[in-house]
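Next come two complexes built around subunit A: one with subunit B, the other with subunit C.
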Partner chain A sequence: MDSALSQAEPPVVASALARRFGKVAALAGIDLSVATGERLGLVGPDGAGKSTLLQSLAALLDPSAGRCRVLGFDTVREAAQIQARIGYMAQGFTLYERLSVDENLAFSAGVRGVTGDTYRERRAALLAMAGLMPFTERRERELSGGMRKKLALCTNLIHRPPLLLLDEPGLGVDPLSRRELWQMLDDLRAQDVTVVLATSYMDEAERCDRVAFLDRGRLLALDTPAALRARAAGTTFAVTRAADAPPLPAALPGVRSIKHLPDRLRVQLDSGRNGAEAQRLLAPLGTVQAVEADLEDVFTLLAPPGEDAATAARPAHPIAAGPGGGGISTQELTRRYGAFSAVDAVSLDIPPGEIFGLLGANGAGKTTLIKLLCGLERPSAGSARVAGIAVDGARGALHRAVGYMSQRFSLYPDLSVAENLRFFASAQGLAGRRARAAIAAAAAESGLDAGDPRMAGALSGALRQRLALACAVLHRPRVLFLDEPTSGVDPLSRHRFWALIRNLAAAGMTVVVTTHYLEEAAFCQRLGLMQRGRLIASGTLAALRTQAELAADAGVEAIFLAHLGRAA
Partner chain B sequence: MNARRIAAMLGKESREILRDPITLGVALAMPLIMLLLFGYAISLDVREAPLGVLDLDRSPLSRQLVRQFTDTEYFALAETYTDLGGVEEALRRGSVKLALVIPRGLARERQRREAPQMQILLDGTYSATANLLGGYARAIVAAADPAPPAIEVRTRVWYNPSLRSINDVVPGLFGVILMAFPPLLTALAIVREKESGSIQQVFVSPLSGPEFLIGKLLPYGLIAFLQIAMVMAVGFLWFQVPMAGSLSLLLAAGGVYVLCTVGLGLLVSTLTGSQLIAMLLALIITLMPSFLFSGFLFPIFTMPYALQLYTAIFPARYFIDLSRGVVLKGAALGDLWLNLLLLIAYTAAVFALAVWRFRKKVA
Partner chain C sequence: MAVRLAGLLAKEMIQFFRDRVMLVLILWLYTVEVVICTVALSFAVHDLPLALVDLDHSPASRALATAFAAGDAFRVTARPARETDATAALQAGAARAALIIPEHFTRRLARGEPAEVQLLVDGSNSTVAAQARAYALEIVEDHARDQAYRLGGPAARPPLGVALRSWYNPAADLERFTVLSMIALAALMVGVIHPAASIVREREIGTLEQLRVTPIGTAELFIAKTLPTLLMGLLAVFPSLLIARLFDVPLAGSLGLFLAYTAVFLGSAIGLGVLVAAIARTLQQALLLAFFGLFPLMFLSGTLAPVESMPAFLQRASVLSPLRHYMDVILGIFLKGAGLAELWPQGLALLAIGTALYAAAWAVFRREFG
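After this line comes the complex of A and B, so read on.
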C-alpha cells in the first residue's frame, strides 16, 4: 500500500485542532484543508502557533483536541505512515554538522530506503538544483546559512514527498540564497507537491496560493494574498512632510500604524476609514497620497493590538557628543584570516545620528566588520575611528562609546527583565543612583517595564529583542551596532523596533544595522552593500538605484541583486 | 526493523564519532587514567607505618621486641622517647601512627614467668588503618613469645593470599569505569540531537524508535567494550592482577554489562532535552551509586539492612561481585549464574523502559 490517500481527500485536513502546553493554548479550534499541489503560507506574530501547527501536521505533536489527517492518515494513530512519506524542515539548522553534504544526503536517503540508481539520479538532480555540486565533500557546518538550508531541503526531497512542511525556511538566510531556495520550491510546483510553510517574510507569503494568519493559536484569516490585500485596500497612505512640519502628536485617533521612512511617512488607518476622512485626518501632517496596501498592512490590520502596542516608547534623551564627534570613519579597513579576507579594504564614513544599513549575503563580512568597529577583532590592515576613537587603540574608551547587540541576543534567559538590566548596568560599571537612572531611561526608550519580573527566556521574541536593545544602550553609547536585530520577528514587532531605533538616532546616536529583511533597508538613511568582504556600493536607496541604472520604482531586492550582479 | 535503515544510522553515527577525535580520545583515555589513579592511589594496605617507641626497660628482650617490629615491612621506627609525655605529643602531632610503651621490668617479669604487660597506643583517627596496625602489632608480639597456646590457630587467607588490595580494586574498577563513561556518552549523543533539532528530521522519516536506538547503541556499546578490554589488559598486564578464572566468562559478562550501562544512557536521554541535565542525571544515577553502593570500596554486608536493599537497584554490584568472583576466586558460571541472570534481566528491563519512553514526538 503506497498511500491511503483517496482522490477525494485533500492531503492536509485539520478539524477543530487544538494543542495546549500546560495552561497555554498554542493552537485552538483550527479548521484547515490544503489541496493537492497547493502552497499555503502560515504567518503570524511570535507565539502564534505556526511551528506547533506544522509539528502537529508532521505527527510530531499529538493534538489536545480535534484531529488532523495528513495524506489520508490520522496523525495520532498512523503517525508512522505520515512520517515515512512527508518532508519536514524544522526551524534553524538541523542537519549533522560534522557530516559532509554528500553524507547528510546519503543518510537521509538511507533511512528512507532510497538506494542504488534511484539515489544516484536524484542526488545528482537535487545537488545540481541547489547549486551544491561543487561542495559535496564539504562539512555541513562549513557551509553558509543559505547553503545549509538548501541542503536541508534536498535531504527532504530525496524520497519525492507529496507533502512538504517547512518551518521558516528563509530564516537567517541572505536574500540571494533565499531567492535560490524559492527557485527550488517553484520547481516543485510541476510535480504537484503540496507545501505548507511558516514565514515571517511577507514577500514569501505573497508567493503562496493562500495565506493563513494565525494569532495566539487562532486562525484569523485564510485567503489568497490578493483577497487579503483587498481587505486593507484604501487604508494606506504616504504622507510627505514639509521640512518645517510640526512634530507628530503622540496619538492619532483612527491611525493603525505609522512607518517612518527617511523621506516620508507611511500611514495605515483603521479599516473602515478611507477617502475623505483620510484626507481630513492626515492633511495636517503633510501631503497625502493613497498607496497600495501590501500583506504587511493586512498583518497590521489583523493582529489585535497586544501588549506591545500598549507600551509606547518614550523618545530618547539626547546623546552627549564626545570629544571626537559621534560618527564612524574607516580607511582601507581589512581583516584577514590566513589567506581569506573577511573584510577587504573597506572605506566608509557615517556621520553622527545616521542609520546606516549593511546588506549582503551570509559570509559577506558584515558581522566581521561590526566586530572590528566594536574592537572585538583587531584589524589586519587599515584604520578606523569610531566616535573619534581609534579601534586598534584603547579598548576601554571604545567600549564605553559603542553599544553592540549581537545576532543571538546575549541575554540571560534565567534572569528576569529587571535582573538582566541590573546585570548589564553593573557590567558597564554603573552603580547606585546612576544605574537606576540608566535602567529607567533605557527601559522607557525601549518600551519595557523596568521592573518586569518575567524571566527573559519566557518573553516573546519581540520583547526579548527590545530587552537586548535596552541592555545595549544602558551606557548611552554614541554608536550602536545591531547585528540582524529583527531576525525571526513578525512584521508588526519589527516596525515597533524600528521606531525605537529611529528615536535613538534622532537623539544623536549613530546606528549601524545589518538585516536580511530587504524591506527594512527602506528605513535606513544610507545603505552599504557588502560582497566577499568588500563594500561594493554605498549611498541612499535612490542613489543606489541610479547607480544601477534601474527604474524609479525598482524595489530593494532588484537594486541589491543588480549591484551584486555587477560586482561579480 | 529494517537492516538498511539501521545501517544508515550506524554509518552516520560512526562518522560523527570519528569526526570528533577529541571526544573519542577522552572516552578512551579517561578509563585508563582512572584505572592508573585508583590502581596507585586506592590502597588499603599499610606499609612502613611510622612507629614510636618508649623503652623504659632497656633490656635485650625489649630491644629484640622493637627489632621484630622494624624487621617487618609494616612498621618503620620513626621516633624514640624518654617519657610518656613525648609519646602523647607525637601521637597528637600525628608523627607516629602507633607507639610501643615497654614498662620497666618487662624482662625481669618475663624471666619470673609472671605475665608482663606492655602497652600499644594507636592513632584511631582513621579506623581501618588503626585496626589493621593493631592486628599486625598483636601478631608480632605473640610471635615474640614462644609459649605454646592451648589451641593452635593457623590462619590462611584464600583467594588473595598476599592481601594486595590492587587485586580486588582492579576487578571492582571494571564495574565502576563502565558505569562512569558509557552512560554519559550515550545520553549526550542523543540529547545533543534533541538540542540541535536534528532529531526532528529523524522523527519525520521511516526510521522507527527502536531502529534509532540500536543505531546509537551499537557504536557506543563498541566504545564501551573497547574501554573494558583496555582496562582489563592494563589490569592484568601492568598491575599483574592474577586471573584465577575464565577470561571468556568475564568478557561475556562484561558484554552484558556494557549493554546495560549503555541502556541506562538511553534511558537518561529519554528523560531530558538538555545536555547539562543529562550529564547530572547520569552522574547521579550511574556513577555515584557505582562508587558507594556497589561494594567496590565499602562492603555491602556491613551496611544497614535498608541500604543493602537499596544497593540492589544498581547493577554495578552484580557485575562487581561477578568480576571479583571470576578474577580472584576462579568462580565458574555454576557459581555466578544468579548474578549473570540478574544482569541480563536488568538490561532487558532498562531497554524495555527506554524504548517505551522514547517516542517520536517533540512534546
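After this line comes the complex of A and C, so read on.
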C-alpha cells in the first residue's frame, strides 16, 4: 500500500511526544497537528528543541514517550516508509562538495528511485525554479551559501515529497538569496506541500500559517502570527529622547526590554502595562509614541529570562584613544585573488566610537574587507589605517589595537570558560594582576561568569557568542570587528548581544559588524552596502533611504534591494 | 613574549591531558601495542600441525616420528595411511606440514645407503615455511646422527654444520629486536601525528585564524605546537621501558643518552608532523598523510626487513630514514650498552636529518601561518 494516509488524518500528528537525552528533556509533552498544505514555523531560543522535534518527525529519533504519526505512518515502526516519502533538510549542508550541481541532484534522485524521463522533467523544473540552470556543472563547494541552500532544497524535492522538514533553511544566507529560497517555498505552497521549518528569523516566522513557540522542550504557544502579535499588542512604544536627557536609570520597573536605536528607544513593557500606566512609566524618558508589536516582541514576552539575563556591566573606563585616534580610514583598498577582486577599491571613513554595519550578499566581500582591516589578509592595492596604524605594516601594533570575532566564534571547545579567557589574556601578553583585571572587566561587560567551569563546547550558542566577544575585547581594543556575530542565535539573545555592543561603542570603541539579519541594521549608526567587492553605498539608514528615493517608512530590506538593483 | 609563550604552552598541556582518547592512544602505542606485536610477530614456529605418514612401520621410523612429536615446533595432528591423504590435509589447511617416511627406510639406513624422508611444507607464509623446514631439517639430522652413531659408531657420519642451527634459533633475539623496534615506531607515530593533529584541529575550528589577530608571533606558535610533543614523547618512553624489562631487555647503556637520542629523533618526527599539517586541510587528510609518510620510513628502516637485503638504491635511500639510525641507537644502547663513542655517527645523522626536517617545517609553517 502506497500510503496509509486516510483523508481524515493530517500529515503530522504528535501526541504527548517527549524525548530525553540522558537527564536532559529535549522535548516534553508536545501535542501538535499540521494540516495538509500548511506551513508551520518553529521558533524558540537555543536548545528549545526545534531540531529535536524535526528529527523526531523525520523518524530519525525515536520518542522517549508519546508518539508521532507522519503521513499516516508511525515514526518508530514505519520509519523507512516515512523517510522514503518526506524531504528533510538538516542544518548542516547535506550535499557532496566534490560533486557538481547536476551530480548532487542525480545522486539524490538515484537513491530515491527517480529515473528516466521523470527525472529529466523534474530536474529541469527544479533547477529553473532555483535559478541554478546556468551552474549545473559547478562543484558544490564553489557555490555561494545561498545557492547551496537552494540546491539542498532541490535535492529534497526531487521525489515530490508531500511533507518537507527544514531546519534553519535561511541560516547564513544573505537577504537576497533568502528571498529566492522563500520564492521556492511559496511555489511549493501552490502544490499543497506541507512544510515544517525551524527558524531564527522573525520575518520567516511571519510568513508561516502558524508559529509554534518552543522553550526548553515545551510548546509555549501555537497560533497564527497575527494572533501571537495580538498578545503583545499595546505593550510596545517608541521613545524619542531629548539631546540633553539624563542617562537612563539602570533598572526600570515594568519594562521588559529596551532596544537602543540610533535615534530613539524601542521599549517593551511587561504585558498588562498599557494605556495610562505606560504613559506614566515612560513619559519621564522622552516623547512616547505607541508602535505596533512584531513577532520579536512576542518572543521577548514568551521567553522566560534565562541564565543569561542581561546584567552586563557597562565598561568602567573609556577606551583610550591612541595617538592616531580610534577610527578607520581606507583609500581604494583592494584585495585580488588572481583576476577576481574580492574587495575592489573600497574607500571609507569611520569615526571613533561609531557602530558601522556592513551589509551584502554572500561573497560580496564583507569578510575579506574585515580580514584586510585586521591584518589577516594583505591588500593588493590601496591603503588603510585602523586606529591610526597602517594595516600593511608591522602586525604587532595593529593586533594590540584591534579585536576580532569571526563567524565561527573561534574558541577552544575543550577549554572551560575561565581557561579560554585566561589563554586569550596571555595571548595579548597580559599576566598576573593585569590579566585578572582584564578578565573580570571583559566578563562583566559580556554578562559572563569569569569562573564558569563549563567547557566552551558545552555552552549554548548565545553564551559561546558572548564568550567569544569577551575574548575579543580583553585587551580593550580601540577597534572591534564582528563578522556575523549573531548568526544562528535566537532573537532575544541577539538583542542582548547588541546591548553589549552598544555599551562598548559608548565607551569609545569603534565597532564594524556584518549581519544577515536586516533588522539589526537599525542598531548601526551608519551602514555600508557591499556588492561584488565594491562599497556601493554608505551612510545612515535615513540617508540611504533618501538616496534610493524611497518613502520614509521603507524598511531595511527595501532599501537594501533598491541599492543592489541600482548598482547592478 | 614570555607571557604569551607560557600561556600557549599551558593551553597545549591542558588540552593534551584533557584529551582522553589521545592519552589512551599514546599509552596504548607504547605499551599494549608493543606487547601484542612482539608476541604476535615473533615468527618462532610453535605447534605447527603436522600430518605424519609412516609407510615403513619400523622402530627407526617410529623413533623419527617420536622425535618430531617431542619438540615444540610440530604437533602431530593426523597420521594418515597414504601420502595422498597427507597432501589433501595440506590443501585443506588442516596440516601446515607433512612428513612422509617411505618404505624400506630402516633397511636403507641399515645398509648405509642414503635414506630419504619427504617433507611437504605449506609455503603460503614463507617465513613460517622456512622455519618449519629448518626445524624439520634439524630434527632429521639429529635423528640421523643418533641412528648413525648407534649403527656404525662415531665416525660413520660427520656431524652437521653449526651455521644452520644458529640461523633458526633466534627466538629470544627476535623478540628483543621486535620490542625495541616497536618502541621506536611508537615514538615516530606519536611524534608525527600529535603535532599534525593539533595544528589541523585548530585550523578546523578557526582558532588558528583567531590567534593571528593577537600579538602571538609565528615563532611562539611554532614552539608551542612542537615543544609539548617533544616533552610528552620523552615521558611516554618510560612506560615502555617497563615493557622492555618484561621481555628481558634490560637497558644496558645510559638512560640519559637514550633520552637525548630520542629527543633528536623526535625532532625529525615532529618536523614531519608540521609538514603534514601544512598540506592537510582536515584531520582525516592529516592522518592519511601521516601514514603515507610513515610507511616508507618504516620499510627503509630495517625494522621489517634487513637493510642489507634491499636493492642498492633503496639501501642508499634508507640512510635518509631517521628510524634506521634510531634503530641502530636503540639496539646499541639497550642490547650492547653502547655509548657515544660507538654511536656518534648515528647521532650526527639524526641531527642532520632532524635539523633539515625541523627547518623545513619552520619555513613551511611561517609561510602558511605567518
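As a convention for this text, the second predicted complex is superposed on the first by the 561 of 568 C-alpha atoms of A that agree within 3 Å, B and C clash if a C-alpha of one lies under 4 Å from a C-alpha of the other, contacts with A are read in each partner's own complex, and residues count from 1 in each chain.
In this text, a residue touches a chain if its C-beta (ideal position, glycine included) is under 8 Å from a C-beta of that chain, and two chains touch if they have at least 3 such contacts.
Here the structure is a predicted model, which is why all the values come from computation and not from measurement.
Colleague: Quick check on the subunit A-based superposition: subunit B and subunit C, clash or fit?
Modeller: clash
Colleague: Touching A:His399, do we find subunit B (first), subunit C (second), both, or neither?
Modeller: Only subunit C; A:His399 stays clear of subunit B.
Colleague: Examine A:Tyr88 and indicate which partner it touches, taking first as subunit B and second as subunit C; both and neither are also allowed.
Modeller: So A:Tyr88 only meets subunit B here.
Colleague: Just subunit B (first), just subunit C (second), both, or neither: which does A:Leu376 touch?
Modeller: The second partner, subunit C, only.
Colleague: When the two structures are overlaid on chain A, which partner does A:Asp414 contact: first (subunit B), second (subunit C), both, or neither?
Modeller: After superposing on A, A:Asp414 lies in contact with subunit C but is clear of subunit B.
Colleague: With both structures fitted on chain A, tell me whether subunit B or subunit C touches more of subunit A's residues.
Modeller: Higher number of touched subunit A residues: B.
Colleague: Output check: A:Arg98 vs subunit B and subunit C. Expected answer is one of first, second, both, neither. What do you get?
Modeller: first
Colleague: If we overlay the two complexes on their shared chain A, which of subunit B and subunit C does A:Ala425 touch? Say first, second, both or neither.
Modeller: Once the two structures are laid over each other on A, A:Ala425 reaches subunit C alone.
Colleague: With the two complexes superposed on chain A, say which partner A:Gln55 touches: subunit B (first), subunit C (second), both, or neither.
Modeller: first
Colleague: In the superposed model, identify the part of subunit B that clashes with subunit C, out of 254-262, 272-280, 290-298 or 344-352.
Modeller: 290-298
Colleague: Enumerate the residues of subunit A that count as touching subunit B in its complex and touching subunit C in the other.
Modeller: Correct list for subunit A: none, the interfaces share no residue.
Colleague: Help me check something: in the complex, which residues belonging to subunit A touch subunit B?
Modeller: 21, 55, 58-62, 79-80, 83-84, 86-99, 103, 106-113, 115, 139, 152, 155-156, 165
Colleague: Flag every residue of subunit C that touches subunit A in the complex, lowest number first.
Modeller: 1, 3-4, 6-8, 10-11, 14-15, 18-19, 205-207, 209-217
Colleague: Can you list the residues on subunit B that touch subunit A in the complex?
Modeller: Residue list for subunit B touching subunit A: 2, 4-5, 7-9, 11-12, 15-16, 19-20, 196-198, 200-208, 360-363.
Colleague: State the interface residues of subunit A toward subunit C in the complex, per the touch definition above.
Modeller: Contact set of subunit A toward subunit C: 374-376, 396, 399-400, 402-404, 406, 408, 410-415, 419, 422-431, 471.
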